[in-house]
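Beneath this line is the structure, given in structure tokens, with notes to follow.
Chain nomenclature is as follows: A, B, C, D and E, assigned in order of appearance, with residue numbering initiated at 1 for each chain independently.
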Amino acid sequence: MNAMAHAATTADTGTAGIAPARVAIDIDNVAVTFGGSSKAVRAIDNVSLKVHEGEFISLIGHSGCGKSTLLRTIADIIEPSEGKVSIFAGTTSSARAARTFSMVFQQSVLMPWAKVIDNVRLPFEVGGANPKTGNFMDPREALKLVELEGFEDALPSELSGGMRQRVSIARALVTRPKVLLMDEPFGALDELVRDTLNVELLRIWKQSGMTIVFVTHSLQEAVFLSQRVVVMSRRPSRIGGILEVDLPAERDLALKDAPELGRYVARLRDMLGAG
Amino acid sequence: MNAMAHAATTADTGTAGIAPARVAIDIDNVAVTFGGSSKAVRAIDNVSLKVHEGEFISLIGHSGCGKSTLLRTIADIIEPSEGKVSIFAGTTSSARAARTFSMVFQQSVLMPWAKVIDNVRLPFEVGGANPKTGNFMDPREALKLVELEGFEDALPSELSGGMRQRVSIARALVTRPKVLLMDEPFGALDELVRDTLNVELLRIWKQSGMTIVFVTHSLQEAVFLSQRVVVMSRRPSRIGGILEVDLPAERDLALKDAPELGRYVARLRDMLGAG
Amino acid sequence: MSIDRSVGTTAAPLPRIWSIFPSPDAARALGMAMLGLTLTLIIWQLIIVLFKVPTYLVPAPTDVAGAVSRDLPLLLEAAVPTITEAFFGFLLGNTVALLVAVSFVYNKVVEEMFYPVAILIKTIPIVAIAPVLKIILGNGIEPKIVIAALICFFPTLVNSVRGFRAVNPQLLELMRVLSASKTEVFLRVRVYSALPYIFSALKISVTMCVLGAIVGEWIGANKGIGYLLLQSMFDFNAPRLFATILTASVIAITGFAIVSMLEKWIIRWDPGVAM
Amino acid sequence: MSIDRSVGTTAAPLPRIWSIFPSPDAARALGMAMLGLTLTLIIWQLIIVLFKVPTYLVPAPTDVAGAVSRDLPLLLEAAVPTITEAFFGFLLGNTVALLVAVSFVYNKVVEEMFYPVAILIKTIPIVAIAPVLKIILGNGIEPKIVIAALICFFPTLVNSVRGFRAVNPQLLELMRVLSASKTEVFLRVRVYSALPYIFSALKISVTMCVLGAIVGEWIGANKGIGYLLLQSMFDFNAPRLFATILTASVIAITGFAIVSMLEKWIIRWDPGVAM
Amino acid sequence: QQKQVKLQLAWLYNAASAGEIVALKKGYFTEKGLDVEILPGGPNSNTVQEALSGVAQIATTYAPEIMYGANQGLPIKTFGAAFQKAPLTFYSLGEANIKTVADWKGKRIGAGQGATAQVKAVLDHSGLKFEDITFIQAQIPGLLQDQVDVVASWPTNVAQNAPVLQHAGGYNTQSIWDNGLQFQSNYYIARTDLIESDSDMLAKFLEACDKGWAYAADNPEEAIDMVASMSSAIEKDKELASLKVIVADFIYTDETREHGFANISKDRWNATLQTYARIGEIKPELTADDVFDDRVLVAAQRTKR
């Protein structure tokens, strides 16, 4: 089966998997307009997309095209100006309350007054989450996962940019959410750490059956991780195309340099250029 | 000539060019220790490196290894705990005063209260720089360069993460400095914009004879842009190795996918893994 | 939730233009203030009636209303000199406070040496130095202005010293790289960082300077709110006394509202944000 | 340059431990304060001598020193009740102010309705309500505490309302995603964002509550600084009067120093920073 | 069974309340079956309101306060006056050569804002108008610093007046008493209903004060010691000097010799009220009966001295 054939410009193509999975996130004709200091900006327009349960989907698109805006709409931070988003057939705000999703922000958002470990522990301490009853991760384990053992007691201001971002990732993972929204989580990381975390993320994803929406600028990373890659067009952004990545479920780092991945990347580059 | 043969672990290898250029930045046995909230951290240790005038040099290394620290030491923001840094045989602080260098910070640092255009114009308005006498760039032109025309009057909070970073880049370019220090400038940008800016940066570099020290996480980018790539080892960071990139001076985007570049990247990956 | 302010709305608001006319916001605030005051008056009246509080002790709002309507010309006439004194005292006190704060921020030693002196001056009761003030400043408007200034000096000093220091350290690094002088750092960064603190202080001192003018009038005046207050007290004219206090409150509340409006107009970015 | 605080130094400072003993920093501050006060005294003495200011008007520092050494037991004895009143007034006033500020931040309508009422209360002169206070609270320490509280209530209210709102909007987004309740947002984010503002207010009110206690004693007392002040004024004992003022200043300066130390101890992160 | 009574003073504990303090310390109140607590006053205290509102049953205050209170219909009256004469006196330095109130014309007259009416009354008595002078709020330092030509002060406050009394060029005085304004001072006041219902208690109170003042007059040093025991900041020498003036010129006069301690003259009240009405300070219909109830004075056994 050739992946290229699956590329489509409509949103409602089925998933690559065989079993018809539930729809995890249903983005229905969403538009967002910002009232800026000088003029109103329509960031995204007319976006429809269904993300299925257990799917790993990536969003790519030009800087400023509205990827973060879309993610923040899903996360119930921004209310769409038009259309609506459902998560597991419910509203985004009930999903938020149920801790259905976690989010990694584009810029690491840490409490500057709290130690690293307390920043990671935050999701347990607010919003009614109780680490005793939930299927939660040990904060120290999460920090180990992002290679930050030994920095538990440091303040965020004592960390490098990449280290801060890794703290945010640990914080998002610690509740083992059903849906994970990640906005360029690995942008500030070196390739080695990034590779490790890529593999680790895939492992967690497969193990947990999580649904992941992943914003990245690395086409290679998008292809390596995802089952589908959504390409967003320039502002006002719509979905420019969707690329189904028909690579084996078991992916290891060797795949990153494999020619079949390269072909997908080339295709994506074309789609981006056209968008 | 095989580039691999040029890889060296000592810092004082000559430049790849034929004419013996002046030393632009002389890092002499520098160490930096931070006094943290819980314990002292030695970020970099015993780093010596000579960057020649007109050279394009990249720094790579694991997240938290001390790349930003080294750059901030060159920029006279951090005083080294040991050793010293000279710029064109003078002190870093006189170079700073003379506006010899510009810096792009890892996280876009913008004045939240000032419009985009005023943020870009800042270097003209402080530190005694006079755009009338200097060989300066028009701020609007700089914004065009980073594809932000039309956003002159927006406030930084109305921009996306990548757009903010591009504003920082425009601000660094606007004074046409002799030395440009860039800390992961393109980290938050999509590939297309990144490619454009890579080519643009190379053009400016060649045209101006600037010396550029460039921190990146993308090995491909490092090889594509640089004449030498410095690999830093884990904390306390030293120079783990230097890779000379012996690719033609004229580089276009096609080179990014070329196998010779791939070979350099693979070599770098090895050096990183060993560090 | 208070997050609402970061939520994009369907309709982009009209571009903000500077207008001296009250906005719908201001009208709403005025209405609410009226409601709050009315509620307070009702509770006050109830207490007076229920506990049979005699008029000579605390008059009922109805009594005060009677006094206001009877004595309106008297109250208005008394308001003029007090407003004048308070206004100039406000200008003088805050200007001096800001200048001293600037000198403190420029020079830590000056701060350490003279902050205690400022506290010393602050703790001198006005009555204790009234004879001195009279001898130096005479019996005109000057001593009242100086007393109003003395009283509102300290909050602005403390807040602006704090504010000038609450600067994003990354912006300071940027300014350092740009070799900005202390003054430039001050005008371009510290002032903006301090503005939320300064406006907070101005709100405090605008009410205090009215009280200062009143106290100033107590050491020697034959007109003004302070004079009327004392006279009403001598005469056991409690309704007029409270009508006078109410007049002072209206002056203070108006000042507060003006400062708040100025604040809204000047601080257009989110003071919690740092880029 | 003030950037110095972000500069890494050769020797890592000792780990910070909580100590009630003055640090070298505190010792230095004390020394500087002494220097500043001494300088002020010298200038004061010079003015007295040069302008031949009579003692009954303003005594020379030497006269005041004489009074201090003569009346030291008297001054110390008077300090005890005033410190007690000021202390409890400080606690009461600030607690109430913080609670009101919290209610304002929780509920914008409450703020719009009752901020003006707070200003109204602020503008009531103590003399006007002294009999009421005496009836309700008796002749003991209670009315003095309440007056001190009334006087220091307002700065804390204004500053903490501002502070609770000066929150990094990204942190609010994070808390929203975590479904944190208003209270959790409050305790985890707003409190910390407000701390610099609150401490600034406490510094203002710690000096004001001393003045408040003094004015409180003027409704009738036979001990305390306020009493001593009145008696010295009545006796035209200017040296003792100024010695008493000095005692009040020492109390205020000590309070200020304690609040400053607490601030240093509690705010260990950089309040200008936002991650 | 002791009766609890509170006395609110118009000012801090000092020589002006020496008699009351002696009565307390020597147990004269207790002898009369009264358990008295003496509350100090101050600039932020308003004793008329405090007596009215029950902070204290008895208070001391000055004539203008009482007249203004009566003018507002406040249910309060005087039942005795410790000071037979209001002490307010205008001081000028010898060089100014101001011998009479008539000489005030065109001069700068200093007093507290509360003494404006007294200045008016005195001017009125000498045929001058308020517009003939410049009124400035001032105290003794204002006189010494040439901010005013004449300043109001109390001769009982010896310490305050010392710089004038010691002035090389001498000084001149005009008291309000000698210039047409003969009210008394340090009146004992109480609610009208209390005077009507419990004049017996007030009479006992007055008798104890009488005894106290007599003892203070005979043993001024000891009296000042007692005052000082209640107020740490008293300067005994200054206070002793004041007490002597107070006792000699204000507590005991021809009036007390004839009628007894704390006597109040109804005629003087009427004259004063008329004066105040004439200068427009109060309603003209007020009479002595509105500010004074004589039943306590009548009931009390008072020393004639």
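We take it that a contact is a pair of C-beta atoms (placed from the backbone, for glycine too) under 8 Å apart; a residue touches a chain by one contact, two chains touch by 3 or more.
By chain, UniProt protein names: A, B = NitT/TauT family transport system ATP-binding protein; C, D = NitT/TauT family transport system permease protein.
Not measured: the values here are computed from a predicted model.
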| item | value |
| --- | --- |
| Cα superposition of chain A on its sequence copy chain B - rotation in ° rounded to nearest 5 | 180 |
| Two chains sharing the most contacts, counting C-beta pairs only | C-D |
| Inter-chain centre distance, chain B versus chain E - centres from mean C-alpha coordinates, in Å | 86 |
| Between chain D and chain A, distance of the C-alpha-averaged centres to the nearest whole Å | 49 |
| Distance between the centres, which are taken as Cα means, of chain B and chain A, whole angstrom | 29 |
| Two or more partner chains touched - positions in chain C | 3, 6, 57, 127, 131, 135, 168-171, 173, 175-176, 185, 233, 268, 270, 273-274 |
| Sites on chain E at which at least two other chains make contact | 43, 46, 49, 53, 141, 145 |
| Sequence positions of chain A contacting 2 or more other chains | 34, 36-38, 41, 69, 77, 107, 155, 157 |
| Touch list for chain A against partner chain D, complex | 72, 75-77, 96-97, 99, 101-103, 105, 107-113, 122-123, 125-129, 155-157, 164 |
| Contact set on chain D toward chain C in their complex | 1-3, 5-6, 28-29, 32-33, 35-37, 39-40, 57-58, 105, 109, 112-117, 119-120, 122-125, 127-129, 131-132, 135, 154-155, 158-159, 162-163, 165-173, 175-176, 182, 185, 193, 196-197, 199-200, 203-204, 207-208, 210-211, 214-215, 229, 233, 241, 245-246, 248-249, 251-253, 256, 270-274 |
| Footprint of chain B on chain C - complex, ascending | 168, 170-171, 173-181, 184-185, 188-189, 192, 267-270, 273-275 |
| Residue ranges of chain D touching chain E (in the complex, touch as defined) | 54, 56-57, 74, 77-78, 126-127, 130-132, 134-135, 139, 215-223, 226-228, 230-232, 234-237, 240 |
| Sites on chain B touched by chain A in the complex | 34, 36-38, 41, 60-64, 66, 68-69, 106-107, 153-155, 158-163, 166, 184, 187-194, 217-219, 257, 262, 269, 272-273 |
